[in-house]
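Input: a single structure, listed below in structure tokens.
Think of it as A, B, C and D in the order they're written, each chain with its own count starting at 1.
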Amino acid sequence: MLSTCLRYVLNSLPVVSYVILLSFSYSFILYICGRVSLTFAGIYLVGAYATVSLGMALMGNNMSFAGFIGILLLACLLGAAMLVASYLCFERFLKTDVHRMVATSSLLVASRGLVKVIWGTTPVTYSAPFLSMGVSEIAGNIVPNYYLFMLAVALLLMLALSYFLNRTCWGMRFRASSLDGERTMAQACGVNQNVVTLMTFAIAGVLAGLAGGLYAPIAGAAYGSEGNALLLAALSVIIGGVGSIGGAVLAAFIVGIARAVAAIKMPVLELAVPFIIASITLMLRPFGLWGKEFRY
Amino acid sequence: MLAIENLTVSYGTEIAVKNVSLTVSGEVVCLCGRNGSGKSTLLKAVAGIVGIDSGRILLDGRDVVDLPLHRRLEAGIGYVPEDRKLFSEMTVRENVEVARIGAKAAGREVMDVDQFLPELARFYDRKSKLLSGGQQKMVSIARAIVASPQVLLFDELLEGLAQAMCYKICDAVKGLKAEGKDILCAESSLDKASLYADRVIWLEQGKIVAMGTPDEIKSQMMEHIRKMPADRKLPQGEA
Amino acid sequence: MFMRKSKALVVMLTAAMLLVGALGAAASGEIPSGPIKIGFAVPMSGTATSLAPDAGINAQIAVEYINKYEGGILGRPVQAFIYDTKGDPQTTVDVFGKLIENDGVEAVLGCLSSSTGLAIAPRVENRWKIPTLLLEATTMQMFTTAVPNPKYVYRIGPDDVMQSITHVKAVLENKPDLKTIALGAPDYEWGHDVVNSFIKILAQFRPDVEVVYTFFHPFGEASPNFTAYITELMQRKPDVYVGYSWGTDGVAWHNQAKAMGLYGRIPLVFDVFAGTAKGQLAEEGVLAETRAGNAMFPPHELGYPNAKHAPMILERVGALPTYGMGVHMLTGMLYLKAAYEKVYALTGQYPTPEQVATALDGLSIIGPCGITSMINHQSTAPGMAVGKMHQREDGLWVMEDLLIVPDYMRFVPPWMTVDEFIETLGKIQ
Amino acid sequence: MGANTRTDRMLPSQFDDKLIAAIGLTLLAALIPFFVSEYVRTLIQRCLLWIPPIFGVYFIYSLLRQVHFAQSIFIGLGSYIVAFLAGKYFLTSELLILLPLSLLACVVVAYVLGIFIMRRTGFYFAIMGIAVTMVFWSLVYKMRQITGGSDGISDIKNPTLLGIQLSEQGFYYICLLISVGLIVLMYRILHSPFSMQLKAIRGDLQKAESIGIPVHQMRRLAFVVAGANAGLSGVLLAFLYNYVGPTSFAWEFGAQFVQAAIIGGVNYFVGPIVGAFAFVGLEFLVSTWFPNLWEIVIGVTVALVVVTVGEEGVTGIAKNLLGRVFKGANLKERTYSDGK
């Protein structure tokens, strides 16, 4: 029994890790800057393709762990740079949320088109990091070590972010200018809002790029994967609560495990189950399981 | 010393502050007037929250008009808004820390807040949204003074506070004045202003109409206020 | 379905009449100058690209090939109009409209997913009356309920029953002593159909084999996690696993199954679409299908006809796709060319769309991978083949030990329903 | 056209120039099938049928400032009712039965869904719309025995009116009639006290509730109005293509109505009409002009339009360009003027 439960948890790990990163990427911008920005899904796509392309070009079959970490870091940097650029050149001119939603989703369409022009729509894959890490056996369940590695990276990053937000000077400034802070007062207290916004977008870019990079060896980089990433992230933000790190982790586990259980026990519901959970959450706890009430 | 010269502020076509000049130097000056007379706007303009149309704001002879909002504290302007505006999810200590860090980063010396607001020490680790109105006002003041700014702007300092709290806060203001700060306040009630202000400036439709000690203004203005029609509008084009 | 015998008669009669007509009017045959316009309505965006990776590029390659190596159609170069259907049935209808009414194409190739094919087929038959070659759209509904008596609609690609027979045969050949089997497919209509017919046909040959697990994973979800299915599959310990995941699903399935050791633990794995993507995707010794006589052999090295086509795809797309979009398109172009030339040879006149449509039925051509015929409005490969994947020293994955199931084993004869045909299968082995 | 005589009676006389423009456009639309090929007519018909659901989005946005992603539920509902009754389990293809029936179904479903969805606002409302849409989608997708799963239902008969089989031309006029009728109806609703009240409550729900306005009831009614529009379109779209698939229920489909509404321009009453033609017609044409690059072209163009003109949309651009032509016509229909 316990082993079966554990199996569901282990099965859900890859989804859990990438949803943690992606949903926090989305909710971080929403929370700190009060902006709906869907560009993160495009960054996810870029991260995935960058990892696969760099992996194939630089390493081929001679996989080295350090090299892979280096490629992931590059994907993160690329993601951060692109999201910041998107904000500077484009998103900051948008006035209302519905326009941000429409305009950034149009950018997603454009980024998908770009991917098609550059890589074509045949999926590409670079699975050496995933396959070379081997498997371990936990209570009779086989789990690829890469899944544990992914989860560790995601959780460590979340812990680091949590430390940054709650324990450091700059984190305090972020929280002061967040949605339940008061932006003008934060500025009147000497917080440079522009720097905070840019840093927020950069961090969100790192998270989204990393999510794509980490998931690419498992599922390949595929044209159109941004839509799915977008939905799962948005739903997890609803379930977990905007701006909450604990909520992002909790929601990712809920979504991941629910899907893993549904896949075996009730395949009919596998795709619908995150939506059902989100709907129920919205009805019972409108601000998410771990979220704070804030007017939006 | 804070000097305001020919300041004009408008919201779209609506002119809120018209050609106002005043100086504050080591004293507590209180702007009074009816609702909508432009006193809050004047403070916000000095704090940098609203942009100005024309005029100069001189802090010890240096024009601060072009400084962005987040540089004003560093330049020496502390602002306490009307409705407190605390960072509600953060503790009191963190609320004050934000400004303290800003001050340190700017190389300003940090003021000992407890000296002026000894009450504050009791709820340092509580979340600020759980405090009472008076306590929140204290935090808001602490946040403004921790960076030891030369000029302090208090908007509706005593609004909605119990009598005991009023006195505590007035003591704090007087303590600040003793430190040599320039204090500019806005208060809708002359009675409250007379609790702490050295000088009162009466604003009407964005213009200064009278200036003097609280008692002088009281006697001067009472008759005028009573006669004033309730819905007098600003004539178009008057500036 | 039941009209096939009479249709053959019609074809013969028409051919005879055309011949008579040709004798009468041989002198007036004029081939119009300028290029011949052919339309392609293929999904180039949206989730449907999972069905047809790089469909646009493959269409271009097919047209280039025809123009460069086959001399066009009746000497006229082919001008291709390649439009994006977005995989959406409604857009497909509009795209066909534009191709036929606005651009004036003489024939259309397209519709990869069954839904687009179903939306378009009745309109082609009733309104546009232009020879239309569906690429795949393998639903059994197509020639039973949607267009029960087709004239203009043809299909290139096998239907569920044809491919399932091949698959069952291949499994039995490679693992005669199997006791248990598991099947997995993407969760959409084709996946369900193909799994159902596999189980039905297997029961005819080997009623004792137990199906221990069937699952349908989400289809076309671009970042899928199949770990739950793989774990469950390995728990059930089947002798054979037959998997139909493809496109992005296939990539993720292969990576995850390999990492979790599925290929070592299950004695025989039949990854029908192994090797769909660029990069390392196939597994040594795993069975895979060559849909519609495909490029995986690799054909250009084995001396197959149209040998220059596969290298063109290798160069432009970077892989020899098992799911032979390009092969289908080239096959379609070759059928059209043959039909035009046949009518012209018979009549001496430039053919009308109706004549081309009639001529297509029963036509045999030398396709990219050998001789293939259009029987009952459906094109077949020279036998569908299943082989073992093997990576050569140069890195290219090829298929070995090909099992080719001949046509007579696979075709539903006109006098039988599908179910009746399946019932006979057990008897003819 | 019947619609015109009705508009005559329903619109007050001070809108004369608007009325003339409306009648002119309707006449133009009525004459178009004589001059264009069939596929252009089908495309125009599709644009016409997109207008009502976009109006639903526009309605919810301009009155409540909410983004309504759930229109595809009602499109799908209307379409599948047709698919079952006029296709799979053929009973009737009579428009006079199917239209009221699906209208009723949509009203009931919209009312029930509104109880849950309309309690939320902003970001939460938008996501809840998507979530509920996807639940519907997966139900339809998975009940493959009944709905045909991903293959959908293809054998839908052509519609009849009073028992008479409609020609394609005739069906075009039915679509035009219903589309124009719904536009006029929306105009009336947008200028009714009901809309004014909705506008009044959009600022602060709790305040409005505390002074006794049945806030949730009214918001639910707004949702029903939007849903009913989409349901009628769904019926006609199913007949137009003789095909219904689960993509009718997909959230991307619902999101397209939002995009079209925004591109059309939410400051103008004609915004949804312009949006429908710009989004469906232009997108189709662009995707055939640049089959490989259309995603980039469309994506960047839409993003730039939204950035540069914002709420004015394409209508705003067109108005500036054609300012002289329409001088005095006062097309502008501000339904709100506040900032965020």
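Here, contacts are C-beta pairs under 8 Å (C-beta built on N, C-alpha and C of every residue); 3 or more make two chains touch, one makes a residue touch a chain.
As the structure is a computational prediction, the values presented were derived from the model and not from experiment.
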Query raised in the report: Is the C-beta contact count larger for A-D or for C-D?
Result: A-D
Query raised in the report: With chain centres set to the mean of the C-alpha atoms, which chain is at the far end from chain C?
Result: B
Report task. Can you figure out the chain closest to the middle, judged by Cα centres? Result -> A
Query - Whole-Å gap separating chain A and chain D, where each centre is the average of the chain's CA atoms - result: 33
Report summary line: The distance between the C-alpha centres of chain C and chain D, rounded to whole Å, is 38
Query raised in the report: If you average the CA atoms of chain A and of chain B, how many Å lie between those two points?
Result: 44
Report summary line: Expressed in whole Å, how far the mean CA point of chain B lies from that of chain C is 78
Query raised in the report: Among the residues of chain A, which are close enough to touch at least two other chains?
Result: 112-113, 116, 227, 271
Query - Residues of chain C engaged with two or more neighbouring chains - result: 44-45, 187
Query raised in the report: When you check every pair of chains, which ones turn out to touch?
Result: A-B, A-C, A-D, C-D
Report summary line: chain D partner, complex, touching residues on chain A are 30, 36, 90, 93-99, 101-114, 116-117, 227, 231, 234-235, 237-238, 242, 268-269, 271-272, 275-276, 278-279, 282-283, 286, 296
Query raised in the report: For chain D, which residues are in contact with chain A within the complex?
Result: 61, 67, 116, 119-124, 126-128, 130-132, 134-135, 138-139, 141-142, 251-252, 255, 258-259, 262-263, 292-300, 302-303, 306-307, 310-311, 339-340
Report summary line: Residue positions on chain C within touch of chain D in the complex are 44-45, 56, 82-84, 86, 88-91, 93-98, 100-102, 113-115, 118-119, 121-123, 127, 139, 141, 145-146, 187-189, 192, 219
Report summary line: Residue set of chain C touching chain A in the complex reads 44-47, 49-50, 53-55, 57, 187, 215-218, 220-225, 227-229, 231-232, 234, 247-248, 250-252, 255-256, 258-261, 276-281, 317-319, 321
**Report entry** Contact set on chain A toward chain B in their complex
**Finding:** 169, 172-173, 175-176, 178, 180-182, 184-193, 292
